[in-house]
Amino acid sequence: MVDVSAKPLSTRTAVASGRIALQKQTADLICKNKIAKGNVVATARIAGIHAAKQTAHLIPLCHTIPLSDVKVDIEVFDNGAEVRCVARTIAQTGVEMEALTGVAVALLTIYDMCKAVDNEMEISEVRLVTKEKRAVAAVYSSRRNSAKADDRRSRKKGRS
Amino acid sequence: MVDVSAKPLSTRTAVASGRIALQKQTADLICKNKIAKGNVVATARIAGIHAAKQTAHLIPLCHTIPLSDVKVDIEVFDNGAEVRCVARTIAQTGVEMEALTGVAVALLTIYDMCKAVDNEMEISEVRLVTKEKRAVAAVYSSRRNSAKADDRRSRKKGRS
Amino acid sequence: MVDVSAKPLSTRTAVASGRIALQKQTADLICKNKIAKGNVVATARIAGIHAAKQTAHLIPLCHTIPLSDVKVDIEVFDNGAEVRCVARTIAQTGVEMEALTGVAVALLTIYDMCKAVDNEMEISEVRLVTKEKRAVAAVYSSRRNSAKADDRRSRKKGRS
Amino acid sequence: MVDVSAKPLSTRTAVASGRIALQKQTADLICKNKIAKGNVVATARIAGIHAAKQTAHLIPLCHTIPLSDVKVDIEVFDNGAEVRCVARTIAQTGVEMEALTGVAVALLTIYDMCKAVDNEMEISEVRLVTKEKRAVAAVYSSRRNSAKADDRRSRKKGRS
Amino acid sequence: MVDVSAKPLSTRTAVASGRIALQKQTADLICKNKIAKGNVVATARIAGIHAAKQTAHLIPLCHTIPLSDVKVDIEVFDNGAEVRCVARTIAQTGVEMEALTGVAVALLTIYDMCKAVDNEMEISEVRLVTKEKRAVAAVYSSRRNSAKADDRRSRKKGRS
Amino acid sequence: MVDVSAKPLSTRTAVASGRIALQKQTADLICKNKIAKGNVVATARIAGIHAAKQTAHLIPLCHTIPLSDVKVDIEVFDNGAEVRCVARTIAQTGVEMEALTGVAVALLTIYDMCKAVDNEMEISEVRLVTKEKRAVAAVYSSRRNSAKADDRRSRKKGRS
């Protein structure tokens, strides 16, 4: 692993996305919520969030990072579905692997739920969309003696 | 998930409790440490602590929180047992789910260990008892230039 | 742990259920799919299934059992919700803990998703509803040299 | 989940593959074992095998299957790397998700190890290559009183 | 991984053991159940059993094996403690790694619980004591049409 | 668990080591990378790092600590191999258990990979080498070379 103990804490956000090719008929079944295994979009969303939280146990050299937020959005098109995952943390290292893992596992979950009706699925275009690092809000590291009003002020400056 | 990245760090404590109904004979066997599967109270306590630490991997939308403390206490009565779990963290979000998960899994462990001798067990009254949020002690976020003595002082102020 | 190595394989099914008390308003929000954290029923269902598969890693003295089936059903009432979990395996030991764990974690997930709008929730009546053990169908262990037709025949006899 | 308890045991094999696009320079560094994080091929192979074994904990509706074999092979080309995963089991349901999960996590591991030197990586063509189901060898379920010679004979018939 | 799909099912048992050196005073505190962190022997026993069940997720090339039994025994001496773990399965491959992992994690747990009072602990002599492979009882694989009486007969032959 | 919520954050480093006795021939096979199961050193290194990150899920009363760094080094000698693990964190409690767990699991992995060719292996001398606690570097909140006073300044500016 890379030693990150000397790095400053930052608010890190990463967005990743990916696609799965689906037959038109499969996409229709998903949209009509008629896939026998259950609600594909809701299940894949939960699986992606869960996997993002498990990243450090899947990718050997990833750091264990407490995630402040994970969002997984899934859009179904005529010929496929697109998954987008946003991961955010306040940590000493970034969260692109968390976002990518969320995407990959959400896509695998769609695959699993549709494999009884579609044998031509393929996962592709799994990539990082953006990543961002911002100085952590004063609020977080926080000079404690300064009171609430102060916090609110520094938050405005530090995070906007 | 709820994005907690802009929330201040707080010391959060949650207490949850729950009950399992037991036949008098089962309660006796537990108290005399005569359940064949082993020491029920010690095992359930460990299982509850372990589960509290696993909360984010069980409850899909929970944040991964590094717990500062988990305590599980188990009291056995004539007609049942009561489990109480205290979870504490310094984090941007609360720990009620950790406390409740600790309670639920400790109760399930009692169930598992006694099911060979009692087929009327039932888990109930699993609920949050209290939760509390306090400004995090100066100590933690710490103004580094202030030396040890200073830390000790602020700790007295910040946490008492 | 109990040594089960000398027990015959059986088809084992267990059904467990449990309740969570909800305010009427919370139950309404769930039914209208308006809880901010997402689809409560779909999420709790997935969490329960996932937890049932994790049972041996949560309950210290449970055997690791490959589950043939897990179903979680959730019904929302005016004053609460009821979760029902069916677990099935072909194994040397039963699956009541898997069914109960599925119920408990699905209920905790409902709690987590609704805790922003309801502070009076309570989990109760978590219990085993039924359990059943049947001789394993010939199909499964199967005398291999007897061909397909034979299998089909024995299946008819063995499982009907 | 799909109830598989009435299905016969079969020897199931699935092969999946996938690609990651790499810059030529990155591919060179991998081949010369000069990526700072360590041996990319060995690490990704281990990560893929580990993930295949975790499939049921990542993909919500997958059955927990004891895998008889997992192999992950990685080939590095000028402009990318290809991962191929073979998963095998003797079970009542197939292992395509295990093979696909092995591929996806091995690819994510390559991504993680190379992200310091390559910001144009993209994962694609993750798909099932073949899957196969064969009557389980007599050897496995085995009429015990028939001796070794017998086993060997039936194995020849059943598995060749 | 080694492909075990063509191997016959056997009843496999492995016994492993290991030691931890303790100061006399530490051993006394354990025996009197006065270690501040709790009951050392009960906790280490549970941790060892839990770890044995997790073996395939810790040791990369181990197969996922459903264990029929795990026992962890701990004996405390004047200058140390000895852990002994028995693991049993009916599977196509052995369980020595499960027994060894159970021993290692039980010893680490003793270390963890005593480290506040003893800074000279050392783990040693972690080794396999015995392993055994027996033809699996007819009962298990079982010719189904032959009825109970038949099963009982073949069990006598197959397991005695 | 020990309540660490009132402790200051420190940079904690722990180094642990351990040995496995190997036959000369086994050591040779490892060095020549001819062990059938694969690259022993690379695999054991990854397993050790992975296990260190899992420590809190293995050792019941360990806190969940986000590790800043884990390094596992393995040296092979004529009659054995030595594993050394460095774990580092910025946390309220130490990481000796993480370092020891990394060592133990790396050693078990060597055992697993060599057990087909060596039946006299034994793990020993698993112990803490050093541990260190330093006031958390200004760095953590800020820039390294800039001293204390500077720290205060950079914090005021927003952390750049």
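Every chain is named by a letter (A, B, C, D, E and F) in the order it is written, and numbering of its residues begins at 1.
Note that a residue touches a chain if its C-beta (ideal position, glycine included) is under 8 Å from a C-beta of that chain, and two chains touch if they have at least 3 such contacts.
All values derive from a computational prediction rather than experimental measurement.
Undergrad: Look at the interfaces C-D and A-D and say which one is made up of more C-beta pairs in contact.
TA: So, comparing the two chain pairs, more contacts are at A-D.
Undergrad: Just to confirm, which listed pair, A-D, B-C or A-B, duplicates the contacts seen in C-E for more than half of them?
TA: Having compared contact pairs by residue number, the answer is A-B.
Undergrad: Calculate how many whole Å lie between the centre of chain B and the centre of chain F, each centre taken as the average of the chain's C-alpha atoms.
TA: The computed centroid separation for chain B versus chain F comes out at 28 Å.
Undergrad: Please output the residue numbers of chain D that touch at least 2 other chains, ranges allowed.
TA: In chain D, the residues touching two or more other chains are 1-2, 38, 43, 46-47, 50, 54, 60-61, 65-66, 137, 141, 143.
Undergrad: How about chain E: which of its residues touch chain D in the complex?
TA: 1-9, 56-57, 60-61, 63-66, 91-92, 135-138, 141, 143, 154, 157-158
Undergrad: Of all residues in chain D, which touch chain A in the complex?
TA: Per the touch definition, chain D meets chain A at residues 1-2, 18, 36-38, 43, 46-47, 50-51, 54, 58-62, 96-97, 100-101, 104-105, 107-109, 111-113, 115, 119, 121-128.
Undergrad: Can you check the complex and tell me which residues of chain E touch chain B?
TA: 38-39, 42-43, 45-47, 50
Undergrad: Which positions of chain C touch chain D when the two form their complex?
TA: Its residues touching chain D are 11, 46, 49-50, 53-54, 65-71, 88-90, 137, 139-145, 151, 155, 159.
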